[in-house]
Amino acid sequence: MKLPDKTTTMESAIAAIPDGATVMLGGFGVPGTPFLMIRELVRQNKRDLTIIKNDANETGMGVDHLLVAGCVRRLITTHLGLNANAIRMMNAGEIEVEFCAQGMLAERIRAGGAGLKAIVTDIGIDTEMGAGKPRVEVNGETAMIETALRADVAVLHAAQADPFGNLCYAATARNFSPLMAMAAKTVIVETEKLVALGALAPDHVHTPGPFVDHVVHIPELSEEYAVVRR
Amino acid sequence: MSDAKLRLIARAARDIAPGMTVNLGIGLPTQVVNHLGPDFPVCLHTENGMTGIGPTLPFDAADRNLIDAGGAYVSPIPGSAYFDSATSFAMVRSGRLDLTMLGAFEVAENGDLANWKIPGKFSPGAGGGMELAQKARRVVVLTTHTDRAGNPKLLTRCTLPLTAAGCVDRIFTDMAVIDVTPAGFALRELARSVTVAQVKKATGAALHLPEGDIPTF
Amino acid sequence: MSDAKLRLIARAARDIAPGMTVNLGIGLPTQVVNHLGPDFPVCLHTENGMTGIGPTLPFDAADRNLIDAGGAYVSPIPGSAYFDSATSFAMVRSGRLDLTMLGAFEVAENGDLANWKIPGKFSPGAGGGMELAQKARRVVVLTTHTDRAGNPKLLTRCTLPLTAAGCVDRIFTDMAVIDVTPAGFALRELARSVTVAQVKKATGAALHLPEGDIPTF
Amino acid sequence: MKLPDKTTTMESAIAAIPDGATVMLGGFGVPGTPFLMIRELVRQNKRDLTIIKNDANETGMGVDHLLVAGCVRRLITTHLGLNANAIRMMNAGEIEVEFCAQGMLAERIRAGGAGLKAIVTDIGIDTEMGAGKPRVEVNGETAMIETALRADVAVLHAAQADPFGNLCYAATARNFSPLMAMAAKTVIVETEKLVALGALAPDHVHTPGPFVDHVVHIPELSEEYAVVRR
């Protein structure tokens, strides 16, 4: 036995994403955002996407390119504070936005990835975020049902990957990526470093290969990945 | 092991397609690994937290921290990964397991599987079997066609507590390869020197026969 | 930053007990880190997936993969750990966060906190604030006592959408340290050269006074 | 700032566990089972414990010592197939046993550790394991509510730990331990190797220190940890 090879090109991996797809994007701010893949989604002129991502990056970066190019119908996110353009489009009705509490977004994605139907939580129960969500009693306490989130595709950035799709993330670039890797029908990864099978210690793998469908090596990073001067 | 069992194992191995992620249950399924060549692209999963299972190791070479779910000392291969039990079953329940091969006490013509409990006699708990049976994309059973007393294990309805309902796609026995179809059991292949009449007699439910010749294995 | 703000930050830092795991929110709370000595035993948490936050780094020394939830480039210290967002909030919701320090638009005398949304003007989403406010073992607020127009931020009831109900334990302002008690706001300490009358006037709810002298900070 | 030191002795860490406590024990078979801590629980003659563990080890090993010594009132587990003594005691009514599907045990513990009230799943819905569990509709599908599991104490084995309680597990010794580390009020860890703060790469930590309360160095392993000759 040997493990299957899943390496491919960015163009063909992204080409398989249909218009109207629900796409999870890794990243919290810059770290973990798959900037080159996002550029390719724009270049291939995808339409009508539902994007699930912690944030919409900053104006002029990452998700913002998708918004400006009109690729996005709907955004499920936690915070748009650094992207005035996203807030403007939301207020103008040019995109639909669903806000989640950050840990609930993480947990709903993980639930989808774990094959659960929903989770039961009290987060936000006394706030407008909890309004309208179905209630249940668990051990005498009232809580809410938050449905699991799944996507057609997850597009992720890894620091290292092997050809089977075992992934290692760097520092806080990990954030939502391991959860999204579990929660999408098709998982596409761009990796800074493509290493040989066996180069990643089995104890150090963050996302096991069976969750991953396509591995794309990006030999060079664009300036969007760099430290932002503030 | 009998020659018929060896052939059923070899035949089952041929149903593993290149690129699959597969969980092999305890018993006959475990033996399937011996029929996968060194260059065959497949990923074996064990529910205690590993993908990329390599060969079983003898006592002297074993790593005390590395077992499969059946307790066998296994080895890593290039590209193996270790993970916790929640991640392991997330892989199963979210549809990343292409195939599981399981043992059975009983299989019903509607695909119901019973393989974890014989009330009053054998109740050690279900382990990870329920999730494997319910959530693997394809579930095949490897079993002797009858129990030790000669009673059929393929039935109209299961009499024992279910592991999962309607989950079984195919059954490999020492007598035949049988698919579970919307119409019930369908004979696909016969073991060498076994007749249709013998299979029918050993099966506790209707058996649909194919048109034309029946391949042997 | 005004001297009064600097003193409120220094005072808030003294409420961090040795051994705590603490999350410091964006704004004034972030500054508290400057008042924790190099040998003080504490673990700082950031919700984007890190414990053991070290000093903020300048542009030239920054690691592009290492930020806190506010986007500042931070550094590791011996014993730091990185983890995913689900694990990060598991830490918060399961009670492993001893303390969080947050900013506020409004705090009510029943402990309600509003700090994420001003309908029609500011609706960027709640980020991780709801979980921090609802689930940290102790929630303290660092804020100016009044808004820029001089209106009180400490109120009988919040007028803005809540972040979490009844969550605030203590408020540090540029005028006072005030506890949220079952009876409402209780004055504990006064900022240097601030009078009880001034605090009362700047507070939009009843203020319970302690017996005897009121310490200053 | 420096990170707090949580090292202590086995005797004092275990002494704080009261009779009647609910105790999670890491381990799947031998790997990850905290054998020395289990011996200390027996030595301190704990009574009336509820034990949550994947399995009851084998006769004469690990959990079996607790059973034989009469420490256990109730066992929440997935499989007792290798411990005939545990099955005998269950059948004789000497211990109560609650069986869970293995992935459900893992997920219920994780839910407890993630501060959720419950999860919603369809695992076992057509079996006797699903009988009597409350049903809910999610997106038109019927599923069951499985409540979160928490414990008073988790007792775990790590391959490596630093004094703050950052943990690394070895190979399949990881299994339930990272989940249990999240799900108990007090988490006690025995570690084969106690390393200095900073010796574990932050990207390689399996359980972050804030989940851990007490770290006990075990300089020597007993024979129970060794490869079992079958």
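Chains here go by letter, A, B, C and D, matching the order in which they are written, and residues are numbered from 1 within each.
Quick note on the criterion: a contact is a pair of C-beta atoms (placed from the backbone, for glycine too) under 8 Å apart; a residue touches a chain by one contact, two chains touch by 3 or more.
Please read these numbers as outputs of a predicted model, since none were measured by experiment.
> Using direct touches as single steps, what is the fewest number of steps from chain B over to chain C?
2
> Kindly list the shared contact partners of chain B and chain D, in label order.
A
> Greatest Cα-centroid separation from chain A: which chain?
B
> Rounded to the nearest whole Å, what is the centre-to-centre distance of chain A and chain D, using the mean of the C-alpha atoms as each centre?
The computed centroid separation for chain A versus chain D comes out at 32 Å.
> In angstrom, rounded to a whole number, how far apart do the mean CA points of chain C and chain D lie?
Centre-to-centre distance between chain C and chain D: 35 Å.
> As a quick test, compute the distance in whole Å between the mean CA positions of chain A and chain C.
Each chain reduced to its C-alpha mean, chain A and chain C end up 29 Å apart.
> Residues of chain D that touch two or more other chains: which are they?
Residue numbers touching two or more other chains: 107, 110, 114-116, 121-122, 170-171, 202-203, 206.
> Can you list every residue of chain B that touches 2 or more other chains, as numbers and ranges?
Residues 50, 76, 82-83, 86, 89, 92-93, 135 of chain B each touch two or more of the other chains.
> Quick check of your reading of the touch definition: is the inter-chain graph here a line, ring, star, complete or other?
other
> State which pairs of chains touch, listing all of them.
Final set of chain pairs in contact is A-B, A-C, A-D, B-D, C-D.
> Hey, which residues of chain A end up touching chain C in the complex?
My answer: residues 28-32, 54, 77-82, 87, 99, 101-107, 109-110, 121-124, 126-129, 159, 170-179, 206, 225-230.
> Would you tell me which residues of chain D are touching chain C in their complex?
Touch residues, chain D against chain C: 1-5, 110, 112-116, 162-164, 166, 182-183, 196-198, 200, 202-203, 205, 208-211.
> Provide the residue numbers of chain D that touch chain A in the complex, in ascending order.
107, 111, 114-122, 134, 136, 138-139, 141, 143, 145, 147, 168-171, 202-204, 206
> Note which residues of chain B are touching chain A in the complex, please.
Per the touch definition, chain B meets chain A at residues 18-19, 21, 33, 36-45, 50-52, 54, 76-83, 86-87, 89-97, 135.
> Could you pull out which chain B residues touch chain D in their complex?
Touching chain D from chain B are residues 46-50, 59, 62-69, 71, 73, 76, 82-86, 88-89, 92-93, 123-131, 134-135, 161-166.
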